[in-house]
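Shared chain: chain A. Partners: chain B in the first complex, chain C in the second.
Take a look at the complex of A and B:
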């Protein structure tokens, strides 16, 4: 990269959904971050139902949640990049991701999107991605999973 | 404090907004999805887009751990159902209902709603205060609504003129406690003679209104009572 070129990003927040897409986006962002020495924050948000208080001990006890963060760290390490894992409890994933990106002064927010269809055949994008696209102040990358025979 | 507001109209919206600004935890239930999304865009992800009249959704909105449930929809029937479920099914300590039709107030009280807010009644009270009428003015309801603070504006012809408070026969459970004379509020002492222009403040149960009227204003003139 030449001196007068700005890096693509300086600090990226990656949303970990807890599925197979996590490895793909962590690897992708880590490979992009390494040459430009950008920071990576990987966030997993546990949604807390309104029937429970927001500070209820839900995520802390879950081994599965810890595994999601550990795997993201391990994937980043393979690309020789350090990743800062963050676990959040929130009412809505989208709002929590946007808040975290603002809090961390991130200039990039990366999310994965599994290829899914609703009953009836319409492509389903869910609620989180439209929320983030609408509200995040930084750049947003959505990495859609390839269409497989099962998903189509 | 955790407050569950049901109804995302103007009242619910501003109520939720004010509560959030006062650092309370708030959930707002609004059954109209478009309106719910609009509110969420403006004040954040605190909106549950479901009908608060359904117990299942009240539960999902956290009714069981709410300190207060405020039912402020435009439908009295809905507000009553919401408060009843909150009170009796979810054991919410305090329920507040908006009552649009003043005729429903008694029913709401009877069915155990802790607090009733009637915008119609409030506006009516405010209008009555600004218009010099010979009637009793209902200033405020106390407790669970069984007691009222009432103002009587004494005019020429009032049977109370020239008599002391001690000489008046008050209905049971009703007492006169203050007088506003020449714009100054004073405690109403037993030997104080009442004058034209005095505003006498009384407290008593709802049902003593007509007796109080007889004592302070005079017998109700049935011919002058509007019929339409």
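Take a look at the complex of A and C:
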């Protein structure tokens, strides 16, 4: 890809974490997708504890969870791009994201990395990003939010 | 809202995931806990007929817009001048002619007086513009005469201003359209005979454009406005040059209005002044639209106002001088307009510049009509919000336009044009009165504003507005008196009528608001009245069973009332009722006069009277079984009695009417085949048939 060209992807899966970074990555991907008419799928995964059945009625009942996807949809609409919102329940967020990206033949998976310095200044990168980086067959972008005084 | 869930296998055996359905997603969007925003699909039609109608509407008016899609355009001065000045500047296309039409009755010598009259009107224009500059500075949020009068003088004065403005906007549409059509048939005389039809079609097109949500988009206005300005200034300059160099020759007109033999007296001069003062219409538009300017809004608006006044003054005075210099006179009915004659003389008949100028004049006049389509609905919405007009006027249509106001304006303007046969000169006398009422109240309000505020330079500012108020009031008196018999009487009657109507509406809304108001410390407690349910039944059928089931969920005191005129059916109905609907008492009322609603209402009255007087009257639910009609012709066949009963019960104290519709495509509620010899399962049920 030349530096002057738009990144080319046909279908991007955006992983929504339910935090402030969601708007940033949806806006970013939507703006990139618009000129090339690429599809966007926004996925939010609700992790279900092993103590509960996988199909327990958790995510469907939560207005907060629905709001995460609805806000992503609204952000994409502001960029005049249609976004397909997907709500999942799974044991492992990373595995669910990778499987969904494969099933939808996505060629890009985008995740956000909230900047949280804990215990002496390391990133709290969690389990999901390393899993996706290791297992996703498509391109993966990890977008770190800007470092501000508050976040550090 | 929960959704059904479907498990999906992943690449690895353990990596299963469940895709959660989101049934709300096509229709709503969550914006907070318990807070939803409806999407366009939620307002979409559900029936095939409704969908077809929506498609037609969408083709005609465009797709529905959400509030967030409203354009918040800020205008630079050049675009603002084009947008807000089209009304004022376009009046130079007919103001000179209106003066000449009055003076011509006093012979050829009187025509010369047109120039001093035009100078007088230009001085008045300068004073009004200076006064409105103060409004721009004092009201950066838009100082319409209604707002200024409301804040500084009082409610009635503001309503007078509002009524005058509403009339002014209607007249702007009518006069500008009539004048635009006159420019057209000045070029193509054959169009004169169909001028009213053209005018109505033009208004219809402007209406559709505004219902589609046409905004005061800069470029749409800029091209014709600046084209008109350029060509009109060029025409005036060329005309003045020829007059100054002595090359101007009097035009020979075949269809000119014949000179009259009246004496030129004060009345005629005042009448000519009053007719020409129509040039001032639209001057207030910039003061109304200050928030649309780019910052610093007030300064930009007041500078634009000055530019507009200078341009209007130059054009109006210039056209009058040129018309006078070339001896141009108004034409007989159906002939070319004075401005068209000036263009013919200066640019040459049939020249490209002549056609360009005539086209630009017609276009700017249509745009002037369009400005009222923005202003009238906004003022009507403002009045509706203040409770002086029906609330519908504040509702926005699919395209964010105030549809009610747009349609009302178009209807009245089209009717006026048809009534006055598209004659600009016949309409003019109705025009100026409202405009000068608005000027006077606005300037008077500003004087009180400065007196109350006493900010730096208030004496000077108040003086300017006071001069403006006095001068416009004098002109108002002149215009009203000299044009009273020509049609101004109509406006004199109309303004107080509109004010009375608005006060009446306000009183009605205020009364209903008082009746509906609750104290701030009121907390709703449990119901204090008992409930009972009456189900009027025509026999036993599925609709009746469903209504009885609904009634049981409302209260324990449920009774069915069977009103009959055929005693032969009663025993059989009662026997079946007790067998099939046990526990619900059936009251049987014989109606030898065959009335249904009357005996039922009388029965309800009797029940109320029998209620212990020391107990609060109970709430009576009248549950009416209905059969859902699938098409329009079925609606004619069924539920007529139910509708009649509902109408009669509406407004009865402590009575709630509940319609329980039975849908025949939902028969699984009745597990076993329904057998009843008193109803006709294969045909329309009794409930519906009655």
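Operating definition for what follows: the second predicted complex is superposed on the first by the 145 of 152 C-alpha atoms of A that agree within 3 Å, B and C clash if a C-alpha of one lies under 4 Å from a C-alpha of the other, contacts with A are read in each partner's own complex, and residues count from 1 in each chain.
Here is the rule we go by: contacts are C-beta pairs under 8 Å (C-beta built on N, C-alpha and C of every residue); 3 or more make two chains touch, one makes a residue touch a chain.
Everything quoted here is computed from the prediction, not taken from an experiment.
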Taking chain A as the common reference for superposition, should the pair chain B and chain C be classed as clashing or as fitting? fit
Contact breadth on chain A, by residue count: chain C or chain B: C
Looking at A:89, would you say it contacts chain B, chain C, both, or neither? Reply first, second, both or neither. second
Quick one: is A:127 in contact with chain B, with chain C, with both, or with neither? Answer first, second, both or neither. neither
Contact-wise, after the overlay, does A:100 reach chain B, chain C, both or neither (first, second, both, neither)? second
Regarding the shared-chain residue A:70, is it in contact with chain B (first), chain C (second), both, or neither? second
Now for A:55: first (chain B), second (chain C), both, or neither, which partner does it touch? second
Arrangement angle, chain B at one end, chain C at the other, chain A at the vertex (C-alpha, nearest 10°): 140
Chain B and chain C, minimum CA distance [Å, superposed model]: 5
Chain C-contacting residues of chain A that also contact chain B: 54, 91-92, 95
Which positions of chain A touch chain C when the two form their complex? 45-46, 48, 54-55, 57, 59-61, 63-64, 66-67, 69-71, 73-74, 85-92, 95-96, 98-100, 102-103
Inside the complex, what are the residues of chain A that reach chain B? 49-54, 91-92, 94-95
The residues of chain C that touch chain A in their complex are 1-3, 5, 7-8, 10-12, 14-22, 24-25, 29-34
Would you mind writing out the residues of chain B in touch with chain A in their complex? 2, 25, 27, 44-46, 48, 59-62, 64-65
